[in-house]
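Would you mind keeping the following structure in view while I ask a few things?
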């Protein structure tokens, strides 16, 4: 219980104080990093308690469950919380190293961490909504980070589309409260069986739309490339590696736990939408020449796999979906951060992330793909789809890698051709950070 | 198979990848438990080996500046570690014994044997070719006379993963355990009951050694005896010139890029279409949901009493104000209409026994009007141009409204759950020393919600300050 | 009654959606206000037990659902927060692009992207030439 | 009209503060809570801004300059009240005195930690909204300048 409370209250309080300070100062940035580290630490302690035993359940104010708000940290939630915290931490370290440009950045990231942690450890529907809004609002402000035209335009699209999504979510929350009379998730799950099919399916559709918008699944994805390419790399990493997890988590939590019957009913539709996402994202990513744009489309394709796995369902399908989400979030964080850098280390890291996206071992992405293959082994069509998707991701990942990094190497070689003794790599690696800072030749 | 004729390092590997994925598809095509297991293992082994080889190609290119096989060679002495590591990887791909690759081919052959002689022959042929092109890749790189002097040592950062991968291939083990454990636990949380997510693969040796031997022998033959290789490759290359897979491959890549570009050009990127792309599919989903579920008896008008007339009037006024706000193209008039809407709704809330909500609605409406008017001072006046695509927007808006109507009415038609927690809230309010149950809920029962809610307000204000004065609060 | 509340909420949502699709960015903000009002109305309607205000001492007879009111209050506040934020964001976008017309913002973005694309194509061609 | 505004509006702050205090005190047994109290105060401040202009309003009432700090202090108070029970092994948001225990009463006000929570919310809302009003007012004045 203490770890659970600490993981919430530490970033929450610290974020507010940080928001008052000038975040451009290095010290403030590092304090934010420490707070995020503390958050991660508390979550690790929590995970250590949750994973072997039962979930940690606390109801606020000593009231009976349902009257008070139930906070429930189970394996699924803690896993997602850890993952998001890690993504935020790495993005912040990256940005602090590069030099923070706006006063409010560190405070907002830390508050975003508080909101995300809350989303993943709450066991109450409306509490989920408010934490969700906290994380999203911090995200809206962060999307403007940098303050240039591109960032503002991207932030506008991000904010408006996602606001629409959250209001649709709120409408569904109201409906669920009306038909079940409770807000506590386990209570809802128990009472949902008695609700007749029509209302339940309509509410489920509302939740699905809301989370699909967050995830950027195929028909709902149009905001995503604009935003991910328009935002600064650290922010893109935060949005895709941290905030987007809400979508996958929501589909798993709401589909798997609250509305399992509706999920079964919609399995076919989920698989179709997921497949469309895989193909669409993969095909569009192929001809993109800038790394961030490729990554944006790749993100659309990658969440398609998650959706297909959820649609396949069953323990194996769910495990595959979870695993794939974890791997995908890590990949995206890594790639968005390294895509703007140059040099051997950045290149190698990017290659590693790209391998992971393509599902090549020992990169983690392979494990995710393997699970997917296991989950869908029964259906040749899906396996063929996955093979095709993998091939596409292989093509686009390496095309971008070649364009961005090998070209960089060659360019470095040409410019230092007269003195062959001085290795081009040492040159580029020494200018690695300097180059990353100036947004590299874009 | 085209890999044999290629000179560019990465092209060799790329072609080989295609053929290897071909194996996997073949395996799934063969079907059955053996084949499925084999396919999994194949993906695994191939991926380890192939990434090691790709990195080898990268490392060699980085070190020498050359990427053509014919201009490379004899690097064995210069890069011993690389040679050994990538040799192991190549051996894996070629399915030599003592590597992970051996068992993968073993299974492949086993699966093929189940399906008769023709498949068997095909399998042997394919495996032989693999041996040949991988052998050519490795031998060409590391043996023979030194062709191009490496200008720099292989960077350890590039070398390390290759060595690790090579070691991995030899051990034949994989590092999925922690991940699998994590996934197991997490999946068990959403799913009642334990499950097993251990990646299992079968490494037992079958009686297919003869096929393997044949494949190696054939492969080595192709590799070592140029006279065998030359006509084979030559024929293939000639075929390739005309209609062969080489051109087909390049064409397909080109075509893929074209399709991709085409789709990208047609993709909508602006805000309006992004929103339409949420609303329209949502409406379609709702419509599908309505179509597939029985609706008989699930919609109710609900009781209406004469005393409800003021509520009905206010709701009507609100709807009218909303329509006015949508129709008027000025700046201040819509804000006025929105205020009317806000006050009308506040009246409704007051009448249905929600005075707290009514009070806050009025207050918030006033603050919002202040913000709107303040921001309008800096906005250019509205253009009165007639908008294009007004009809389209109206249709989408109507569809969104209709689907919202169906969903909301559907939910509201259910009788209120009589055993809801609200009853317990009312009952327990005195225990929390409070009289106004709504306030008690906000400050006590569900105080956490309120805490988050005011934090959202704080974050939004931080955002306003950040946007208007670069984060300076005062 | 449930029909009427649903109808009113749907009208708000529909007009909100219509405004969200407008080219004028300020009207998009109006749309968000309307959609959020629709959500609040639905929240209140979801607890529509049609009784007295839930304030002690309780009158006899039915009492309104306090929980849905609490949720509606929270939703109103959050609606205010995000609307103010969005409005200021729109102001900054209008100032940055010197246009409140969405279409123009989109056109400028497209132009910028096309420029970037051409630049990359050219760079790539140069690379190819240099490699040969 | 404008004379009335100039004379009346600045003097509204006192009554508004009174109303806000009343709302908080009565909040637990009647309509209203910390949030509405905060908005009432902020609206009175807004009136001052409108009539006096940002410059004069802030000079005449220096406490306004500390609105952001006030807001954060309020939220920290809220967090402290919400989470301090954890230190004693109780779940978060446990309020004292607990159900059934006697309460110190000052008139209509019952002293519980929940009231302190409400005060924190009041501070935050008032501070945050005043900050918004300040930003908007500055925006308008820049245009006039």
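Letters A, B, C and D mark the chains in the order given here, with residues in each chain numbered from 1 onward.
As a convention for this text, a contact is a pair of C-beta atoms (placed from the backbone, for glycine too) under 8 Å apart; a residue touches a chain by one contact, two chains touch by 3 or more.
The shown structure was predicted, so the numbers you read here are calculated from the model rather than taken from an experiment.
Ranked by separation of Cα centres from subunit D, the top chain is B.
The innermost chain, defined by the distance from its C-alpha mean to the mean of all protein C-alpha atoms, is A. Interface comparison, C-D versus A-D: the pair with the greater number of contacting C-beta pairs is A-D.
A separation of 28 Å divides the Cα centre of subunit C from that of subunit D. Spacing of subunit A relative to subunit D, judged by their CA centroids, is 37 angstrom.
Distance from the subunit A centre to the subunit B centre is 10 Å, each centre being the mean of its Cα atoms.
Per-chain CA centroids place subunit A at a distance of 22 Å from subunit C. Residues of subunit B in contact with at least two other chains: 269-271, 275, 279, 355-356, 360, 364, 367, 371, 375, 378, 404, 408, 411-413, 416, 420-422, 425, 428, 434-436, 442, 444, 446-450, 453-461, 463-465, 467-468, 473.
The set of subunit C residues that touch two or more partner chains comprises 13, 20, 28, 38, 42, 45-47, 53, 55-56, 67-68, 71, 73-74, 77-78, 81-82, 84-85, 88-92, 105, 109.
Contact with two or more other chains is made by residues 29-31, 35, 68, 72, 75, 79, 82, 92-93, 95, 132, 135, 139 of subunit D.
Taken as a contact graph, the chains are fully connected, with every chain touching every other chain.
Chain contact summary for the complex, subunit C toward subunit B: residues 1-24, 26-28, 30, 33-34, 37-38, 40-42, 44-58, 63-74, 76-85, 87-92, 94-95, 100-103, 105-106, 109-110. Every residue of subunit A that touches subunit D in the complex is listed here, in rising order: 1-2, 5, 8-9, 12-13, 16-17, 19-20, 58-62, 68-69, 71. Note for the complex: subunit D touches subunit A at residues 68-69, 72, 75-76, 79, 82-83, 86, 89-95, 98. Residues 17, 21, 24-25, 28-29, 31, 36, 39-40, 43-44, 47-48, 50-51, 55, 58, 61-62, 65, 151-152, 155, 157-158, 161, 164-165, 168, 174-176, 179-180, 182-191, 193, 195, 197, 199, 253, 256-261, 263-264, 267-271, 273-275, 277-282, 285-286, 288-290, 292-295, 298, 404, 406-408, 410-414, 416-422, 424-425, 428, 444-449, 452-453, 455-456, 458-460, 462-463, 465-467, 470-473 of subunit B touch subunit A in their complex. Contact residues on subunit A toward subunit C in their complex (touch as defined above): 126, 130, 133, 137, 140-141, 144, 148-150, 152-153, 155-156, 159-160, 163-164, 167, 170-171, 173-175, 177-178, 183, 226, 289-290, 403, 407, 410-411, 414, 442.
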